[in-house]
Every structure is written in structure tokens, then in C-alpha cells.
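Some structures to go through are shown next.
Both of the next two complexes hold subunit A, though its partner changes from subunit B to subunit C.
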Partner chain A sequence: MNIAFYLLSALAVTGALLAIRLRNLVHATLCLMFFFISLAGMYVLLMAEFIAAVQILVYVGAVGILILFAIMLTHHITGATRERISSRGWLWGLGAALAVLFTVLLPVLLLSVLPAAPATPDFSPSVRNIGLSLMDPYTITLQVMGLLLTAALIGAVAVASTSVRPQDKPRT
Partner chain B sequence: MILNTLLDNPDQILVNLFHQGAALLQACPALVIALGILLSTVPLVAIFPACFAITTWLERKGLARIQNRIGPNRAGWFGLLQPMADGIKMLLKEDIVPQTSDRLAHFLAPVLLLIPAFTVLSVLPFSRNMIPAAADTGVILFFALGSISTLPVFMAGWSSHNKYSLLGGMRAIAQMVSYEIPLVLSTVTVVMLTGSLNTVKIVEFQQVTHWIEGSNPALQILGQVLKWNVFTPWGFTGFLIFFISSLAEINRCPFDLPEADSEIVAGHLTEYSGFKYALFFMGEYVSAFAISGLAVTLFLGGWSGPNIRPWWSEDPRALLIPGFVWFFLKMFALILIMIWIRGTLPRLRVDHLMAFAWKFLMPLALINIFIAGAYYYLPHWIGWPAGLIVIYACYEGLGRINRRHLGPKRIYRYA
Partner chain C sequence: MVTLQQYLILSAVLFSIGLLGALTRRHAIIVLVSIEIMLNAANLNFIAFWRFAPHPENLHGVLFTLFSIAVAAAEAAVGLALVIAVYRFNKSPDLEKMNSLHE
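Let's turn to the complex of A and B:
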């Protein structure tokens, strides 16, 4: 179990780092997908196979493919580009990460606020439970979200579709 | 004693043999786990490539007969050794990688394609108690893992640095993403009526248990067949939608636009040669097996088929013919239909393909969900005919609405 965890976290961190650092956009996206998949593996280790499946479906199957599509449809950024942005972004990032580590994470870990055992030992994140809670206490939320997404979808179609229709001519 | 338990359950011989072996190795639990892992993975990796070899022969022979040719007939009896000759040829071919290609992605794409293709097989129940990974969320896992397979196709198309490859890759993604929607929506009906995403439970739902466990052999046979989901109005529609979408999902004819050889050479496969090409081919066929296997599990009763209890057996659930025989028979029947369609139908145009998915299959699949819901609450003698009538009316109506947007008829003039 532990070996799998270390392996997966090493893969996830490598994937995430490469996704930020690689110059080639397509490579970076592929690494991002790799990161998503290793994260799904972590969810499997946590016995949340439904979340893992949804993670792959949403992030790899939809978001990642969408990013790739956007890259393909934009000109001039498909391959390796020579442009360099000279900023010390990584320094700021390292500073921020260290600050979070020392001010938030380490004190919390040292003061051992985190319980040693899971709070609810009989907790089973099964699909049935997720479905029941979506249908019982959170019905209104679910409906509103569905409405919002439908509106967004219709809006996207309205923005994307051209109003001018070329006249169909018999082709020769 | 051991022989008795084995003979009592002819369909469970392999499972019981494994349990006997596990009992012998009880002293070392790590070995039992290793044995279990090996037994649930090695057969998948061994059997499905063998099925792939047989299917290439079947496809070449079948297409040849449809086109009034003889097909492969030199290597072995009826050309049966042809797949082996093909394999040796592929292995010995020179592997050509374009100079401007992205080498790592170009190399990884065929390898990555095989991973989801083989992993999805593990949620399919091949027989009673014979499922490599009995996950509670089997159906969703199948689609999640299956959706990864768009990625290697894109990698192949992009990394080849070839316009045809890129076009093929783009087409493949657009098609796979569009057809995933009707594919998933058509399975929702089955999940709704079963009340579970577990593939084992979905198969059990399609059996009449008290008939199978009764003493009448005729009822035992009927109990394994009559309750298949395909014999209900929603199940029949769902099966057709699922089958059509699965053809698009695995880029089979008439939806083989990504590798349309008359337009874009071979799409994302253009720059692949030798064994990498063979790997792509194998990945496609294994996905075809997997998705046919899921169709069999969801709509055609999985491993249940006309079967009786052996007359000497004490166990009420024992079966004479092992379940995997029926499973593979049904799977190969679907594969044969795919070959038949490939020999019969011409390729679709891109806009036709998209319009068909979004304007016809998706609304029909949505309506089908409502019909399945009504079928669940109505008594069957009303639900069955009413469902059939409503489905047929919707089919006709959708067809008529879509026909209006076709525009004036095109006239082609040939030189």
C-alpha cells in the first residue's frame, strides 16, 4: 500500500512539475493528463473508485481533450517555440511554497490536530451513498447546477453558431 | 472428494481449481495473492491477442467472400495460418520514424493505446464468479478507462508531424468525444433498471433465478434467455444505439473517418510501420472485443445462454455449459456483424457523422431513458407495447425532423 502511494505521488509530482516547466505546450498538456491519471490512482488507493473514475472521465476525457483541441485550433503554438519569458517566477513560487509549508502545514502537523484514525470508521463512499445524498438533501443544488450548465451550453452554441447561412448551390 | 466438487459444477471447474490451489498454498498468503493476480491477468493478455489473430483471419476471409473473392488461402488450411504470417512480416519490417517527428510521443502512442484497451477487459464478467476485477462501479470504470484511449490517438496524429496524421487525429477525437454521449446515455437505462453499476449484478438481473433453480429443464433454459434486456423496448433501442455508437467509438466502418484511406492516406496511422502499426491494429481490435463484451453484458445477458443444470449435480446454480462459452459466442457474433457492416456500408461524410450523433442518436437515447423509467413503474403488459409504440413514434418523428434540414438535393455531374 505504502509503496503504491509513494510511487503514485512521485509520478504525480513529476507530471505536475513537467506540466509547468516544459516549453512545448502539447508535451505540457500530456504531462498534465499524466498527473490527472496518477491522481486517479491515489483515489483508488483511498478506496474511492467512483471519484477516481469521475476524475479520469472529467479531467482526462473532457478537460484535457478540450485543452488539446484549443491548442490545435490556435495557430503557431502547436510546436516548440523559441520565445522565452525571463521572469523569476520559480523563485516566487518556491518562496510561496516554503512560506505555506512553514506557517500552515508544519505547525498543523507538529501540533497533531489531524486524528490518527479516520473519524468515521464505517464510512463507505459507495456510488449508492453518493447518489442518495445527491437525490435527497442536495436535490435543489443539483437541479440548479443542471440548469446553469444547460444555460451555459445553450449560450456557447449561440455564441459559436454563425447567423449567416451560405446558400446551398448544386455543386458541379 | 475434490473430483466430486469439480464435477458437481461443470461451469465452475476453473474457479474451483483455483480455490483448491489456493487452499494448498494456504501456508503462504503472498503466493495466493500472486496466483490470483496472475490468474486474472495472464488469461486476458493471452486470450484476447489470440482472438485478435482469429478475427483478422475472419475479417479478411469474410470481406473477401462479400466482395466475391477467395481471401487468404495459402498459409495453412483455409489460410488459417495467415495471422501468423502477418505477425512475422510485421515483426521483420523496418521501423521508419519520420525525421521531424516527436520521437518520444511517436514511440509511446501505440504502447499507451494498449493499456486502456486491456484494462477495460477486467470489469467484464466472463462467467459466473469469473471476473478479474469485481468493482462496484464497473460500468463507469469501463467508460472512464475507455476515454483515455482518445489520448494515444491524438498523440499519434500530432507527433507524426504530418498533415494527414494531424487531420486523422483531430477527426478521431471529435468523433470519439461526440459518440461517447449516446454510448453512455444508452447504458443509463440498464443501470437504472438494475439499480447497480456492478457488471455482475447487471448480468444476474437478466436471469430468472427461480426458474433456473427450479427442476423443469425447459424453464431452466428459458430463465437464462427471456429476461435479457434486449427483449424489452428500451433495451432493444438502447442496444442499437450502443452498438452504432460503439462502432464510431472504435473507429470501425462506416465511421472509419480517422483512417479514411481514400481521403487522408491512413489518418493517424500514416507514419507508422512495422510492429508499431501492428500494435495499433491490436489495440483497435481489443477495444472492439471489450466494447462488444460490454454490449453483451449490458443487453445480451452476459454469460447466460440456453443452459440446463447437469442432472447429476446437487448445486441448484450449477450449469452444464460454462458461461464463458456463451459470452465468447455472443461477442464473436457482434464482431461478425461489424465485419458484415464493413463489407456492406460506405463511409459517412464528416458533417453527416456529427449530425447523426447530435441530432438523432442523442435525442433518441434521452427519450429512451424516459421510456425505461415509465417501463419500470408500469405493469409489464402495458409497459412493453406502450414503450414499443412510443419508441417507434419518436424514431419516425426524429427522422422526419432531421430530413427537413437536408437542403436541396445535390446533383453530381461526372466528367
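Let's turn to the complex of A and C:
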């Protein structure tokens, strides 16, 4: 279990680092997919198999493909250019990220009350239980999620398909 | 046995990597990718805390992660649509050149 954890975390950290540092955007997206897959493996280690399946379906299947489509719709950015990829104040960004890292890590490293092992060793939630709790205490949340996803998809299509500017229209 | 601390450290490192990408890259799509990395780090935190909680049979952590994934998918769809729409005007995905909201 330890070996699997270290392997998956090394894969996740490498994938995330490559995803934000690679010059070629398609390669960066593929590294991002590796990151998503290793996080799904982490969920399996944490006994959340349904979340692992959802992670593969939604992130690798939908979000990754969406990002690839966006890259291919906005052309000449496949990384052949030699220009700078970092923004102007990147040193400040690095400092801010390191500061946040240490601020987040301090309580984790200082607190000794964190449990070392799960309270219930052999527990695995069935999909039936997840579905039942979606129906009983989380009904409103489920409805709101459906509304949000519908609105987001309609909004995305509306935003992305305003193709012709008024002055570009052919005169009749 | 993997402890909760290790999961939290991994999640903090992944979150900082995502923050680093969002703060330092110029390409709009890569910034969205970094935001996805940060959201995934937060999801890992949720699942780890749920697993090590006294009563994991309550399933609150799993359901919260499920909703978080749904929100992240909606965010990715709208964000990429906005990137494509802005790209049509600016002819460049560079965030440092996107300094105007109208034509």
C-alpha cells in the first residue's frame, strides 16, 4: 500500500509539474491526463471506487478532451514558437506559491492529533448507498447541480458561437 | 500504512503546483489547466479526510467531492468557451495581451 501510494504520488506530482511547464500544449494536456489518472488511483487507495470511476469519466474523458479541442481550435499554439512562456512577474508568482505551500503545510506538520490509520479499516461505500443519499438528504443539491450543468453548457455554446462580428457581415 | 498526514502533504504540494502554474504562465488554456489541478488537490483532501473520519459511512465527503467534480466540469466548459471567444478578438491566447474587455 505504501509503495502504491509513493508511486502514484510521484506520478501525480510529475504529471502536474510537466502540465504547467511543458511548452507544447498537447503534451501538457496528456501529462494532465496522467495526473488525473494517478489521482483516480489514489481514490482507489482511499476506498472511494465510485469517485475514481467518476474521475476517469469526467476528467480524463470529458475535461481532457475539451481542453484538447480548445487547443486545436486556437491554432498556432502547439509550441513551436521560441518566445517566453512565463508571465512578466513570474518570480513573484513563485514566491507566492511557495508561501502558500508553507502556510498550508505548517499545521499539517505541527499537529499531532491527525489520525494515523482509518477508523474503520475495511469499509467500502456501495454505489447503492451513494445513490440513496443523493435521493434523501442531497436532493436539492442534485437538482441545483443539474441546473448548473445545463446552464453552463448552454452558456458555453452561446459564448463560443458568437462567430461573426457585426461589421464583418457581408452587406446585402 | 499510509497516514492522513502524507495525503495532506501530497495535496498541499499539488495545490501549490497548480497555483504556481496559474500565477506564472501566460497562456490562457494552461492557466485553466492549473485551476483544474488545484481543484483536484482539494478533492483529494476531501476524500482523505472522509476516509480517516470516525464515521465514513455518512458519505458526506464522497458526495461533496462528486458535486465539486460537477462544478469543475462546468467551470472547464465555460472557461474554455470564454478562451475561444476572447481568442477570436485578440488573435492570441496570451493573457498579457488580453487587457481590454471590449473591441
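Definition applied: the second predicted complex is superposed on the first by the 122 of 172 C-alpha atoms of A that agree within 3 Å, B and C clash if a C-alpha of one lies under 4 Å from a C-alpha of the other, contacts with A are read in each partner's own complex, and residues count from 1 in each chain.
Rule of thumb we're sticking to: contacts are C-beta pairs under 8 Å (C-beta built on N, C-alpha and C of every residue); 3 or more make two chains touch, one makes a residue touch a chain.
Being a predicted model, the structure only gives us computed values, none of them experimental.
In the superposition on chain A, contact is made by A:Leu94 with subunit C only, not with subunit B.
By the touch criterion defined above, A:Tyr138 lies against subunit C but remains apart from subunit B after alignment on the C-alpha atoms of chain A. Once the two complexes are overlaid on the shared chain, A:Met42 sits against subunit C while remaining clear of subunit B. Between subunit B and subunit C, more residues of subunit A are touched by C.
In the superposition on chain A, contact of A:Val54 is made with both subunit B and subunit C. In the superposed model, A:Leu17 lies in contact with subunit C only, and not with subunit B. Looking at the shared chain after the overlay, A:Val127 reaches subunit B, while subunit C stays out of its contact range. Put simply, subunit A uses residues 50, 54, 62, 69 to touch subunit B in one complex and subunit C in the other. Only residues 26-27, 30, 33, 37, 40, 49-50, 52-54, 56-57, 60-62, 64-65, 68-69, 72, 78, 126-127, 168, 170-172 of subunit A touch subunit B when the two sit together in their complex.
Here subunit B touches subunit A in the complex through residues 102, 105, 135-137, 140-141, 143-145, 147-148, 150-151, 154-155, 158, 166, 170, 173, 177, 180, 197, 407-408, 410-413, going by the rule given at the top. For subunit A in complex with subunit C, the touching residues are 1-2, 5, 9, 12-13, 16-17, 19-21, 25, 28-29, 32, 35-36, 39, 42-43, 45-48, 50-51, 54-55, 58-59, 62-63, 66-67, 69-71, 73-74, 77, 84-88, 90, 92-94, 96-98, 100-101, 104-105, 108-109, 114-120, 123, 125, 129-130, 133-134, 138, 141, 145, 148-149, 151-153, 155-157, 159-160, 162-163, 165.
Those residues of subunit C that touch subunit A in the complex are listed here as 1-10, 12-21, 23-27, 29-30, 32-34, 36-37, 40, 43-44, 47-48, 50-57, 59, 62-63, 65-67, 69-78, 80-85, 87-88, 93, 95-96, 103.
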